[in-house]
C-alpha cells in the first residue's frame, strides 16, 4: 500500500512524551494533564483550557533507578514511567490524575510526589478510589471521587472551569476524535483492510498523547486519504485481535504483522476498544454521572471482579473476534501485572475451550521490540492459524 | 462394617450425653459455641463412592509400595538408629562429664544449645527439647491435653472427619500439628511457654472444629445438605466479623484450613498447588497466597460445600483476582464480592464501604433465608472490644524493658483472633484473661521470655514467611533478638460501636479496611513507611527484621523509600527475602544466613547459641 | 620483622598481599583463578611469599583468607568475609572514603564504611551476572575486543544508544542485533556503560553514597564505567592510590596485622 502522508510525522510524535504538539499546546496557554489509566475519564482532563496526555516512556533503556525504588518483579510500565519521571521527562505536566486501580501504578504516582519529579508550584497528583464493580452505589462513589479528587482539585489548584457546560464542550471535541477513529476502525473489518494494525496503533496512540484540537486536522486528512487508499493485492496470511493489558508501543503490533498476520482489533489498554467510543449525552441529566456510567460500563479492565464484568470481558473478546473476522486472539499482559496475569491464565483456556478461538497467550516486557522469543511465538501462531484456515477451507470444499 | 457400626454406636452415645448437657445449659441461659445445631446436622454420605475412593487409594498405595526402594528405606532406618544410639551415647557422656552444679542447672532449667536437635534430611527434630524438669512436665501435660481435644473434637463426627484424609493431602499435614506446637515453643520457658500453649490450644480447637465442619459439608464426603444450608464460605482474606449478625449461620474462612494455615504447619504443603497453577498458565511472579488458593482449585483440593461465597478485594490485587477461579470451579455457588475502597483513610470513601456491607448482608439473607440480628452482632462486638483491650495490655507490657508475650504462638493467635474469631467464641475470652494474668505476674517478676536474655529489641515489618513461621524463635535463640511485635499484629484497635446501628456499620467498614496486611499496604505509602518509624520509636526497636516477600508488590514497590529512610535514621534493618509459601525460591537456611551475615559483619556480634547458626532443615516440617 | 598476609580468592582473579608490621605493602600479586580455589590461593601466596623471601605461609605472623573461595584456604589462620575486607582495605588506603561499590567477577556489592574501617551496612547482588566482570567479558566478546579497548571505545561516543535487556545473555544478543544494524559501535559501548552505571545506583544507595564513591574490584579500572557513573549517577568517583583490585586482599592483610599484633 502507498504510505500514509502523515505516518512519519505521527511516528515522530510518539518519540517523546513531551512531543511537538504538546509543546504547541503549552505555547497556546493550555494546561497539560497526565494520566495512565482508562479508569480516569480522559474527557474530563480536556475541559476548559486543559489537554490530556496519556503517559508513555518511549525509547526506554535501562530502568535500574526506578527498580531500586520499586524492585524487580513489578510492572515495567510503572517502572519505565518512574524512570522517565526521575530523569525529568514529565516536568511538562501541570497535573497528574492518578487512580488507585492497581498497586504498582499507584506507587508510581506516590514516588512521583515523594521524589518531587515535577517542581511546578501548583502541580498536583491525585489519587482516586475506583470501585471493583458496577452497582448503583459504585457509580455514585465514582462520581463523588471524580468531583472531590479530580474536578475540585483542577478548579482549586489551576482555576479550571469544571462546569457542566465545560464538560459537555470537552465531550463534543472528544466525540469528534472518536468518530474518526471508529470510522477507521470499521475499515479493519474489510476482507482486505486499507489500514494496517501498525498504522492504526500509531494513529490511535497519537489521539491519546496529543492535544485533540491539534491532532484533529491531521486525523481528518488521514481519514480522507484512507477512504481513497487501495489495499495490497495480497491478503494477509491471517487476522488476529489483541486482548489484554497496556500496550503503548506500536512496534509490538508491527512485530505481529511482520510475522504475517494482520491485527484487526485492539482490545487492550491504550487501544481503541474501549477508549474511542462516542459518549452519548442526554440533556435531562448532568454530564458527569453519564460520563461515569459510560466509562465504567465500557471498561474491560480485569480489575472489575463482579460476575457481570467478568462475563462481559469474555463476551466482548468473542464478539470482536466475530465482528472483525479474526482467525485467532492474542491474550497478552504486561509482565508482573497481577490483574491480567490471573485473567489471562484462566480466560485464555476458556476462550479456547468454550468459545473455540485459537489463542496465543503471552506476557511481555514494556520494551518488547527486541524480543526474539516473542517474534518466534508470533510466527508459530501465524503458521498455525494459516494451516487451520487451509484445513477448514479443504473441509468446506469437500 | 462391624467397625463402622461400633464407631456409630460410640458416636451416638456421645451425642446423647451432649444433648442432655446442652438442654441443662440452655435452661441456665448458657451460650455454646459453635452453635450446637451445626453438630447435629445429619450427614448424607455416599458410602459406595467412598468405597470407590478407598479402592483407588489402595491401588495407589500398592503402586507406591511396589515402586519404593525398600532396601534403601531399611538401610536408612538402620543408619538412623545407629545415629540415634551414637547421639544418646554422646549426650550421656557429656552429662557424665558435667560438674554436679552444671548437671543440676541443665536438669532444672533445660539444655543450652538447640542446634543438635536438627538432622539433615529429617522432617522432625531428633528428639523433643529438654526444657528443665518443671517446664518439660508442663509441656507433656499440654501435649496430652492437645491430643485429647483433637480426638474428642474429631469424634463428634468421626467418619467424615477421618475420611477427609482419603480425599485431601493437606489433611495429612494436620497430623503434625503437635509438632508445630513444639516448633513454636522452641526455646521458651516458664510463663512464656504456658502462654504459648494456651493460645495455640484455642487456635487448634478452632481448626479441629472447622475441619470437622468441612468434612461434614463437603459433597464428596459428609455431604450434609442440612449443614450446607447454614454454611457461608468466605475468602480467607476476609474477616469473619460480618457473620456476628448471623448466629444461626456458620461462617467458614474457606481456604484457611486447606491452604493458609497448613502452609505454616508444613512448609511443603503448598508446593504442589503452586506448581499446578503455574502449569495452568499463571505467571510465577504472583503472590503465593492467591496462587496457592487457585492451585488448590486446579487440583481439586478444596471441599465442595456451602450455600454461598463471600469473596473480597483484599488485601491485594492478586487476592482480588483469585475469586474468578473460585466462580469457575464452583459455578453453582452464589458469590458476593465485598470490595472496600483502597484509599480508606479518606472518610469520604467509608460511605461506599458501608453500602457494600449492607449489600453483603442482604445477599446472605436472600441466599440463606437467615435474618441479620443486631442483638447478636452487638453482643459479639462487645466481646471483641474486650479482647482488644486485653491485646493492648499485651502491647504495653511488650513495650517495657521486660517484654513477656512473644513468639509465633502469640503472633498467630493475634492474627487469628483479629481476623477469624473476632469475639465469636466466648471460650477465647477465658484464654485472654488467663494469658494476661500470667503475663502480668511474669512481668512483675521481671521474667525473661526465652532461655537466653534479650540482647536486642526487634520488630518485624512486612509479611513473614509461612514456611518459616517460627523464625522469631530462631532469632531469639540464636542471636538474642526478641521480636516484640509484627506489622501484621498492629491493626485497628478502636472500640467498635455497639449501640448506634449506622455508626456500627461505619466502624465495621473501618475495621475491615484495616485488616491484616491491608492496613499497611493499602491507602498510601505512609501507612507502611511512616507507620513503621512511628512503631519503631514506640516499641524502642533496635533492629528491624524487614521481610521481603519477593512476590508482594505492595511492599516491594516501597523498598527504596524504606531503605532511604533507614539510612537517614542510621537504624539497623535486616532485609530477609522469602517467597511466602514456596521454600524452594529462598530456603530457610538462606533466610538465617542473611541474619548471620548482618549480625557478624555489621553488628559485630557473636551468637548466643552458635549451634543454631548453621544447620539443615531443608526437609523439616 | 613480622609479616602479615591476606589472600582474596575471587571467582575470576586471586589476589594476595603481604604487609609489614607498620602496615606497608611489601608484596602483592594478582593471578587468574583456577578451578580449584585452594590451588589458586597456594599459587598466589607462593608468589608473594617468594617476593618477601619467606618459604611458606607458616612463616607469616598471621594470614587471613577472604573472597568467594575463602573457605578453601586451609593454610590461613582465619577467614573473613570479603565485605569486611574491602571496607578495611579501602579504609587503610584512603580513610576519607565512606562508600564503596565492589564490582567483582560475578557479583556487585555496595558497602558503607564506618569511621574505624568496619562495615556500617552492605548489600550485594549475587543473583545475576548483569553488571559484573562476567557481563563486561561477554560484552567485550561481542565487540571482538579486550576489556581496555572496549572501555576506551565507550569514552569516544558523543551519543548513547540505550540497552534495554537487563540480563547478560539477552544484553549480548541485543548488542549483536545493534551491531548487525550497523549502529555506531562507540555509541553501543557507551550504552552498555550507562546501563551498568545505572545498575550501580542501587549499590551506591545501599552504600549510603551522597556525593562520592569509590570503586573496587577488577572493573574499577574501567574508565568508561567511571565516566558513566559520574555522568549518570552524579557521583564523584574517588580514585585510590593502590590498585583497586587488591582491596579485598589488602583488607584481609590489615585484619591479619591487627589480629596478629593483638595476639
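Chains here go by letter, A, B and C, matching the order in which they are written, and residues are numbered from 1 within each.
The definition used in the following text is that a contact is a pair of C-beta atoms (placed from the backbone, for glycine too) under 8 Å apart; a residue touches a chain by one contact, two chains touch by 3 or more.
Predicted model only: the values in this text are computed from it and were never measured.
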* **Identity of the most central chain, Cα criterion** => B
* **Reference subunit A; chain at largest CA-centroid distance** => C
* **subunit A and subunit B, separation of their C-alpha mean positions in angstrom** => 43
* Asked: Touching two or more other chains, which residues of subunit B qualify?
  -> 560
* Structure fact -> Where subunit C touches two or more other chains simultaneously, the residues are 205
* **Residues of subunit A whose C-beta touches two or more other chains** => 68
* To do: Write out the stretch or stretches of subunit B touching subunit A in their complex.
  => 277, 280-283, 285-287, 290, 294, 311, 313, 316-318, 320-325, 327-328, 335, 337, 339, 341-343, 346, 348-349, 351-352, 355-356, 359, 521-522, 524-525, 550-551, 553-554, 556-561
* Going by the contact rule at the top, pick out the subunit C residues touching subunit B in the complex. => 81, 83-84, 118-123, 205-206, 208
* Within the complex, which stretch of subunit B touches subunit C? -> 560, 563-564, 567, 575, 597, 600-602, 604
* In the complex with subunit C, residue positions of subunit A that touch it -> 59-62, 64-65, 67-68, 365, 367, 370, 372
* To do: Please give the residue numbers of subunit A that touch subunit B in the complex, ascending.
  => 68-75, 78, 100, 102-104, 106-107, 110-111, 114, 127, 129, 131-133, 135, 137-138, 140-141, 144-145, 148, 302-303, 305-307, 310, 333, 335-336, 338-339, 341-346, 348-350, 361, 363
